[in-house]
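One chain, chain A, links the two complexes that follow: it is found with chain B in the first and with chain C in the second.
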Partner chain A sequence: MTEFTTWDILRNLLLAARWTVVLSLVSFIGGGLIGLLILSSRISKRRAPRIFAKGYIELFQGTPLLMQLFLAFFGLGLFGVNVPAWLAAGVALILWSAAFLAEIWRGCVESIARGQWEASASLGMGRLQQMRHVILPQALRIAVPPTVGFSVQVVKGTALTSIIGFTELSKAGTIVTNATFQPFTVYGLVALIYFALCWPLSKSSQILERKLNVAHRGH
Partner chain B sequence: MSLIAVTEVRKRFGSNEVLKGIDLDVEPGEVIAVIGKSGSGKSTLLRCINGLETINGGSIMVAGAQLLDDEVHLKALRLKVGMIFQQFNLFPHLTAGRNVMLSQMVVKKAKREVAEAMARRQLERVGLAHKFDAYPDELSGGQQQRVAIARALAMEPIALLCDEITSALDPELVAEVLAVVRELAAEGMTLMMVTHEMAFAREVASRVVFMHEGRVHEIGPPAELFAAPRTPELQRFLGLVHS
Partner chain C sequence: MPYQFEFGWLAEYWPQILSGIGVTARLILIGGTLGLLLGIACAWMRSLGPKGLRWPVAAYVELIRNTPFLIQLFFIFFGLPGLGLQLDAMTAAYLAMILNLGAYACEIVRAGIEATPRGQFEAGASLAMSRFETFRHVVLVPSLQRIWPALASQVVIVMLGSAVVSQIAAQDLTFVANFIQSRNFRAFETYLVSTLIYLVLAVLLRRAMILVGAAIFPKRRAA
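Take a look at the complex of A and B:
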């Protein structure tokens, strides 16, 4: 039987952690872009897009991420579409992040005083111009801490994709455990790597929050 | 022809009718002071004229163009009529100068240098040329309101609506804002202002409108209206505010 050193274990885990990072980035950025679209429908003046966005957000917030992954992976398979694990993982996480980010950002946009809308409207700005030049620049500052905070959820959420067979950090942990029979060491290291990824994010979220609160002026 | 023609305007909030058929014509260069108890509909009237509220009946014409509730017409209207608010509503993320420049560049597509020159000129006019680079939270309430006036003036409106623009100010800051308004009136700007400053209304207004329960209850030159109020409501209101 082969002997595995701790370094062997760690090296393999770190190689797999790259995929956790890639999947997190893809989900966060993709989710952010789609989240912006959902946000704009959510706060639209027209009723239909508002209802659609509300339904979308409630659907994705009201079901477990795991079920969304299963549906993306197995559900499309029912229609004869063969979905690779990485694609299902990416799509499900992007759609999931979009729902949460849209809802976080909606709160930020709505926290901007109504007078800002009225003043910019009375100066002749259209809705897009108001958004672009008056509302979003202010909402963005409020949005930074909760958005960075949510990115931690995304990183941890990627762990679930191991169940549909995407080889990221958690899946690699399982594979390495099966080969080495050292679950405590392996999963301990897995947890540490997750911590190393998440802790700087949540710390920076806290720091940003404090910074933006203390200097709660527009510059 | 009147600059602002308000005809039979009605406005409801739910089942509560706030404006019950308002008729009012404002001639170019007139200064109209709108007075009345809170809840009499005076702010709502102003907000209707600027299209911030949609009317439920009647019509509003500004410089011959009818106020319609779509973005193109609203924008055309708002280029003619500026509005100043009780809470100033400056954009807190922009300096005073940028506040005045923004809508010129965004709405009128003015070049940066042109907008900046205009901003400096308008800030100068309200006595705040030296505050060009100050952010709103570095300014006093009176200064913020003067920047808001400069911001509205930079769009070169033909009329200005002022919605209780001194009500949120500390008493010692009221005078500096009124001084600016007085100067605008003297320059011939058409003004329509909702105000609680009776002395100011008496001094500057060409006509005073007393609103009561959603109607124009009494209207006339300030000398007449204040000296000899005809209706018991106005008598009571004036007694109320004098005491």
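Take a look at the complex of A and C:
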């Protein structure tokens, strides 16, 4: 029987962690872009897009991410294409992140005082101009800490893609366990790698929040 | 030929689905209650407890909040037997849910406690209440009332996260869905139905949390 050193285990896990990072980045950026679309329909003046966006957010926040992954995996397959796990994983995580980011950002946009809208409207700005010059610059500042905080959820969410067969850090953990029969060491190391990825994000979210509060108090 | 949807299997598998819903409900009922209690205990230790307890609790909270639930579950179910602690799937699932919710609830409850004005503690003391009585009646209840909506959201998130326990063969709703789709080869329909059931459960759980909140907290008096 082959002997595995802790370094052998760690090296293989770290190689797989690259995929966790890539998938997290893709999901976060893609989710951000679609999230912006959902946000703009969520705060639209017309009723239909608002209801659609509300339903979208409720649906994705009210069902397990694991189920969304299954539906993406088997749902895309209905079109007769053979769906690779990475595609289903990417699609599901992007749509899921979009819902959460849209909801976070909506809170930020709505926290901008009513008077700001009215003041910019009284200057004859159109809705896009209001957004671009008045609302978003202010909302963006408030949005940074919770958005960074949500990126932690995205990294942790990628762990579920192992269940539909995408080989990232968690899947590698299972594979390495099956080869080494050392679940305690392997899953312990997997947890530590996730922690190393997530903790700096959590911490910077907290620090940003504190900084922003100080800035607020200054006014 | 376009795909034909087919839901005829529902009649045959309904009893299994119900039992899966039962397991998921039990998980969130027990995991949720004990997790909240753990969270309150940890919040007390972190904000008011003895100094020596603060950093271990902080370490626990950070560790749980920055690792995926799936890995926590695997560590408990597959890893702990290495230390001689062998748990069956349901016990491991309960333990993972309690530890997970406990960490999140700790941070939420702590925010409520720290928002309590200093004067409240002093007012409690001046009524000759012990430290524990002050905490329980003067600090904790209004704190919980303040943060109840956040706590309710977290409990719903943990319930949805519990879908993962199917991976250690705890027989929850997702486990049942996996089983059914391996029999009827109707994966999409099966997961669609279970997703909708989760959606209903999430809505019901949120309602229930609001009702519980209304029942345990005194009505706010108009100022």
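Rule of thumb we're sticking to: the second predicted complex is superposed on the first by the 214 of 219 C-alpha atoms of A that agree within 3 Å, B and C clash if a C-alpha of one lies under 4 Å from a C-alpha of the other, contacts with A are read in each partner's own complex, and residues count from 1 in each chain.
Simple rule for what comes next: a contact is a pair of C-beta atoms (placed from the backbone, for glycine too) under 8 Å apart; a residue touches a chain by one contact, two chains touch by 3 or more.
What you are looking at is a predicted structure, and each value in this text was computed from that prediction instead of being measured.
Clash-free side-by-side placement of chain B and chain C is the outcome of superposition onto chain A. After superposition on the shared chain, chain A has more residues touched by C, the comparison being chain B against chain C. In the superposition on chain A, A:Arg127 makes contact with chain B only, while chain C stays out of contact range.
In the overlay built on the shared chain, the residue A:Gly62 is in contact with chain C alone; chain B does not reach it. By the touch criterion defined above, A:Phe150 lies against neither chain B nor chain C after alignment on the C-alpha atoms of chain A. In the superposition on chain A, A:Pro137 contacts chain B only, with no contact to chain C.
Vertex at the C-alpha centre of chain A, arms toward the centres of chain B and chain C: the angle is 100 degrees, rounded to a multiple of 10.
Once chain A of one complex is fitted onto chain A of the other, the partner contacts of A:Trp96 are absent, as it touches neither chain B nor chain C. In the superposition on chain A, contact is made by A:Trp199 with chain C only, not with chain B. Of the two partner chains placed by superposition, A:Phe28 touches none, neither chain B nor chain C. The gap separating chain B from chain C at its narrowest, counted between C-alpha atoms of the superposed chains, is 24 angstrom. Residues common to the contacts of chain A with chain B and with chain C across the two structures: none. In the complex of the two chains, the chain A residues touching chain C come out as 59, 62-68, 70-71, 74-75, 77-78, 152, 156-157, 159-160, 162-163, 170, 173-174, 177, 182-188, 190-191, 194-195, 198-199, 202. Residues of chain A touching chain B in their complex: 113, 115-116, 118-127, 129, 133-134, 137-138, 141, 217-219. Those residues of chain B lying in contact with chain A across their complex are 50-52, 71, 74-75, 78-79, 82-83, 85, 87, 89-94, 102-103, 106-108, 135-137, 148, 151-152, 155. Interface residues of chain C facing chain A in the complex, by the touch rule stated above, are 3, 62-63, 65-72, 74-75, 78-83, 156, 160-164, 167, 174, 177, 187-188, 191-192, 194-195, 198-199, 202-203.
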